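Lettered A, B, C and D in written order, each chain numbered from 1.
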Amino acid sequence: MALPFEKPIDDLSDRIEDMRAYASEQNIDLSEEISLLEGRLERLQHDVFENLTRWQRVQVARAPGRPTALDYIQSVFETFTELHGDRTLGDDSAMVTGLALLGGRSVVVIGQQKGRDTKENIGRNFGMAHPSGYRKAMRMFNMADKFGLPVVTLIDTPGAYPGVAAEEQGQAWVIAESIQRMSQLKVPAVAVVIGEGGSGGALAVGVANRVLILENAIYSVISPESCAAILWRDASQAPKAAEALKLTAGDLLELGVVDGVIKEPVGGAHRDPQATMRCVGARLEEELGALSSLSETELLEQRYARFRNMGRLESVT
Amino acid sequence: MALPFEKPIDDLSDRIEDMRAYASEQNIDLSEEISLLEGRLERLQHDVFENLTRWQRVQVARAPGRPTALDYIQSVFETFTELHGDRTLGDDSAMVTGLALLGGRSVVVIGQQKGRDTKENIGRNFGMAHPSGYRKAMRMFNMADKFGLPVVTLIDTPGAYPGVAAEEQGQAWVIAESIQRMSQLKVPAVAVVIGEGGSGGALAVGVANRVLILENAIYSVISPESCAAILWRDASQAPKAAEALKLTAGDLLELGVVDGVIKEPVGGAHRDPQATMRCVGARLEEELGALSSLSETELLEQRYARFRNMGRLESVT
Amino acid sequence: MALERWFRRKRPTRSDDNSPAGLWLKCDECNAQIYRKDLEKNLYLCTECGHHYKMPADARVAMLADAGSFERWSGTIKGADPLAFEDTEPYVKRLERAAERQKRPDAILTGAASLQGEPVALAVMDFFFAGGSMGSVVGEEIARAAERAAREGRSLVTVAASGGARMQEGALSLMQMAKTTVALEALSRAKLPFISVLTDPTTGGVTASFATLGDIIVSEPQALICFAGPRVIQQTIKQDLPEGFQRAEFLLQKGMLDDVVTRPNLKARLALYLSLLRGTLTPTATAAVGGEPGGAAV
Amino acid sequence: MALERWFRRKRPTRSDDNSPAGLWLKCDECNAQIYRKDLEKNLYLCTECGHHYKMPADARVAMLADAGSFERWSGTIKGADPLAFEDTEPYVKRLERAAERQKRPDAILTGAASLQGEPVALAVMDFFFAGGSMGSVVGEEIARAAERAAREGRSLVTVAASGGARMQEGALSLMQMAKTTVALEALSRAKLPFISVLTDPTTGGVTASFATLGDIIVSEPQALICFAGPRVIQQTIKQDLPEGFQRAEFLLQKGMLDDVVTRPNLKARLALYLSLLRGTLTPTATAAVGGEPGGAAV
């Protein structure tokens, strides 16, 4: 399950374990050696994880064992109750929606759900929503507005599903509508990119007042693989494309695409899901608390300004 | 094409024609006899059509040659331009929608369209809309509200389509939504039952400020045939069911279900479509003119009151 | 369709009666012999397989309302006979007989209650009265319940069970679809939740009006929920219907329901929805969120 | 995908240029040899079969705007290079070359015009500039056009032609989907119509934002309109795509378009929509309605 660049770390960990076992077995004192190795392990982890290449971060963002939307929902939220269906086309399991408590506050929560194992992944369509998923999200936006409930969205998708039925049912139309509908929410909305923020399929539920991203999550207009296939006719150039696309949390903060980065434990969220989720929960409560002081008009204006000002321009001389 | 009870009228008409031809051929003067017969024809027509049984009116309401929604749209409205699609499921040809001018006023027009011949009837699904049709109507309600355009609906359907896809796509849900959406229109809405007002499928576009009905049109909670099948296990008892259901224009006016009855030419709309359509056009302009003086709130309250007060109750003693 | 049966039946005998009667019952689902008293004590669920039988309106209210909290609103109006309708028997006679048997003037029971402390208006349809068909009285009671709930700051919970429109009231019964729908507007404006519970069967004009307009819509397992009945559709398409067609679980997949909830879980679920929508839920352990992740139920 | 081609091409030669060039052209549709000047004079329709070729932005404006009425708004801003993007060539170089060839700073031309007398803002995408991809400049010009239209009481007409998002601007290009969308709100509030014209091809981020949010959406015949391109889908499903899939006529059937309108009819149709929505149409014979039924066009 380890990612390629995690191997030296895992190897060193194994060696420490071996040494401990040996010391215990032989009843000799190797504590000094072990302590030295542990120090080295810590430095190694920091070295590796503070200097991850963009492509390595893409791999962390997609790592098995990384907490999924439902993990957050079950861990960070209380008394979650799932609401199904879009009243139109179906019930998309790649988009989980419902009501929950967060820090004592009722919220509408919308999560893009990948599977936690292969079977669930197939059932969840790898987190790629159909139009039905976006329609369900819009139904939740309506409910949030009607009852004055803040909205939390958890973004984790390779993108909206590219399939025949999805296109026939107006995938583009429904993403545009969802962007529009979310931008018009009269309630506070916070989005967190917890893993992969894949293109329009992610943005459709990302038009929030505050957009946060986990340290090793990514948010991109196109996957590195597809980008490489277009630019160099070679999907294996994905690492190069990942560099070029500037899709990491730090990049996005600099570009103004996200408002904040949530630190992950050393080694990435998949190495300590519980700690990661606690951080996200605390941050969500904080952000919702701050937004709760804004009026409807302020929320709308703030969201409008946030997205209206996206982009980099120069004057024609 | 004649309806059974039209036969004596047609026979007498034929005899008058014969007599004219004979007189002309033989060069003799039969004008007195012809005039007598013409008087008798007129009396016969009046006798038949003023004393139509309810079942006979059902037949007139469904008569071939009776003007359809598109006939009205093409004759009564100017510069009609059809708008297609519900942006969700498809484009239902049993529900024709668009923009048009009526007496110089821009309106949104929604018509339930049966075919004018067998081929069109099949193409139009006999005027039985799918969920897509009602979604299209709702899209038009939204457009009408946004641009402040009055809504005219022309009702002519045996009912919403009872089929597998229709049920899977939530036929009941969408009819309920359409009733609700139409009741919330901020613009004047006039509905005219031009032929068959079949149950919920008709009401879905019938929640208007003014509901009119043509003299020989019907509006019913269930078709006489289905009613007979339930009550007497015998669809051929439909005439009896039609009597019991009180589904004619006069009945409905008395029950308060419609606000006005538009007279048809003697012999029914199918005997003189142009004259019928002129009457409907004039009446529509008149009603829209009257409603145009009401404020948004007044329109909403009036429509609310109109439907809120439907029904007959007694106190429990 | 149950509505059909109601009409064909001149004078119901004990055996073809829809309402639970007789000492023993053979389960439709698992064929077990069930003692009827046990069924009644078991929320009208088969004691062997859990099959959901139709539940009388009073039992439903008893199940949902907190003990002693129900205050009846309905019952002061009864049906007129606007069409002087008569088939094999005059409509008024049918109404009288049903009223006598069901001990209420029409197919609806409404009132105020608290539901795990949440103030609600309950509107429960009585399928054993004229197949739960909706005429002027049913429509009026639902409309009144919605409006009064809005005035009193109560959420609305309806429990649908209906063969469709009451055809003996002709177009007036059709108009109840619009009447119940417009009355919901008052609740919406007051931002009060409306939760619709669909039970077996919910069909025709009830499905196509208030019952599918809930902010949240849940159904009991296996309930038949449709606009057009299966027989009508079979006659139209002249083919077998898909497996599970028009049943609750099928409609959940089709996106039409928020959930399918078993009867023993219904009250708690409704309470959860209401408290989350109204923001009245007290967190069981507020501190848990910032500290150790709590054991949230999913 | 045309966007792909644009990227792979280092230095376009005459022959693989998207823009009409060369004296003669063999029609993709009917194989007829067409004189290129004739094509240009014929609104870029095949003179033999009427096939709709891609139309340059200036020609489009000339076709839609009343003579002499167009006043250009766009052109004062140009793209930055926020990612310092470089593939086989730096992004800035590509931009410079495209700007030089197309005589505009980016893939969009906007301005004020009258359209059969209706005051409009036109926003026409230039497919021959970077495959009509949407980056910060395209997004900004569309947003500005929408906002200015709202201020000046103009309707908005956009003509889309796009290979999707401008990936050299990374997530910022993705954000243009939200930017263009939120800017439409100003028009909505002013109750001014927004009519979206989709032309071949309209794909990706443009389709999934402003272009499908028109009050009325029309397309030119046979235009490819999609979120994901046909090749991507084919790779996903590993099957042949349905006949006509993602083409305008197919999407009309699927309910996604108001109509498919041929280029020669487009201006009159847009004028009709605008005047009906704004209530500015003068009836050709108001009296006709009450008198003899008029010859309404359907």
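Here is the rule we use: a contact is a pair of C-beta atoms (placed from the backbone, for glycine too) under 8 Å apart; a residue touches a chain by one contact, two chains touch by 3 or more.
This structure is a prediction, so every number in the text was calculated from the model and none was measured.
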Checklist outcome for this item: Joint neighbours (chain C and chain D) are A, B
Checklist entry - When A-C is set beside A-D, which has more C-beta pairs in contact? => result A-D
Item to check | Chain at maximum distance from chain C, centres defined as averaged CA atoms | outcome: D
Checklist entry - How many angstrom lie between the CA centroids of chain A and chain C, rounded to a whole number? => result 41
Checklist entry - When the C-alpha atoms of chain B and chain C are each averaged to a single point, how far apart are the two points in Å? => result 34
Item to check | Whole-Å separation of chain centres (CA-atom averages), chain A against chain B | outcome: 55
Item to check | Contacts with two or more other chains, residues of chain C listed in rising order | outcome: 254-256
Checklist outcome for this item: Two or more other chains are touched by the chain A residues 87-89, 169-170, 173
Item to check | Pairwise chain contacts, counting only pairs that touch as defined | outcome: A-B, A-C, A-D, B-C, B-D
Item to check | In the complex, chain A residues that touch chain B | outcome: 87-89, 169-170, 173
Checklist entry - Where on chain C is chain B touching in the complex? => result 3-4, 7-8, 75-83, 85-88, 105, 135-137, 139-140, 143, 165, 167, 169-179, 181-185, 204-205, 207-213, 225-228, 232-233, 236-237, 241-242, 245-246, 254-256
Checklist entry - Across the complex, what residues on chain C touch chain A? => result 188, 191, 193, 215-216, 252-259, 269, 272-273, 275-279, 281-286, 288-291, 293-294, 296-298
Item to check | In the complex with chain D, residue positions of chain B that touch it | outcome: 70, 73-91, 99-106, 132, 135-136, 143, 146-149, 274, 277-278, 281-282, 285
Next on the checklist: Show me the residue ranges of chain B that touch chain C in the complex, using the header's touch definition.
Outcome noted: 160-164, 166-173, 175-177, 179-180, 183-184, 199-200, 203-204, 206-207, 219-222, 226-227, 230-233, 244-247, 251-252, 255, 257, 303-304, 307-316
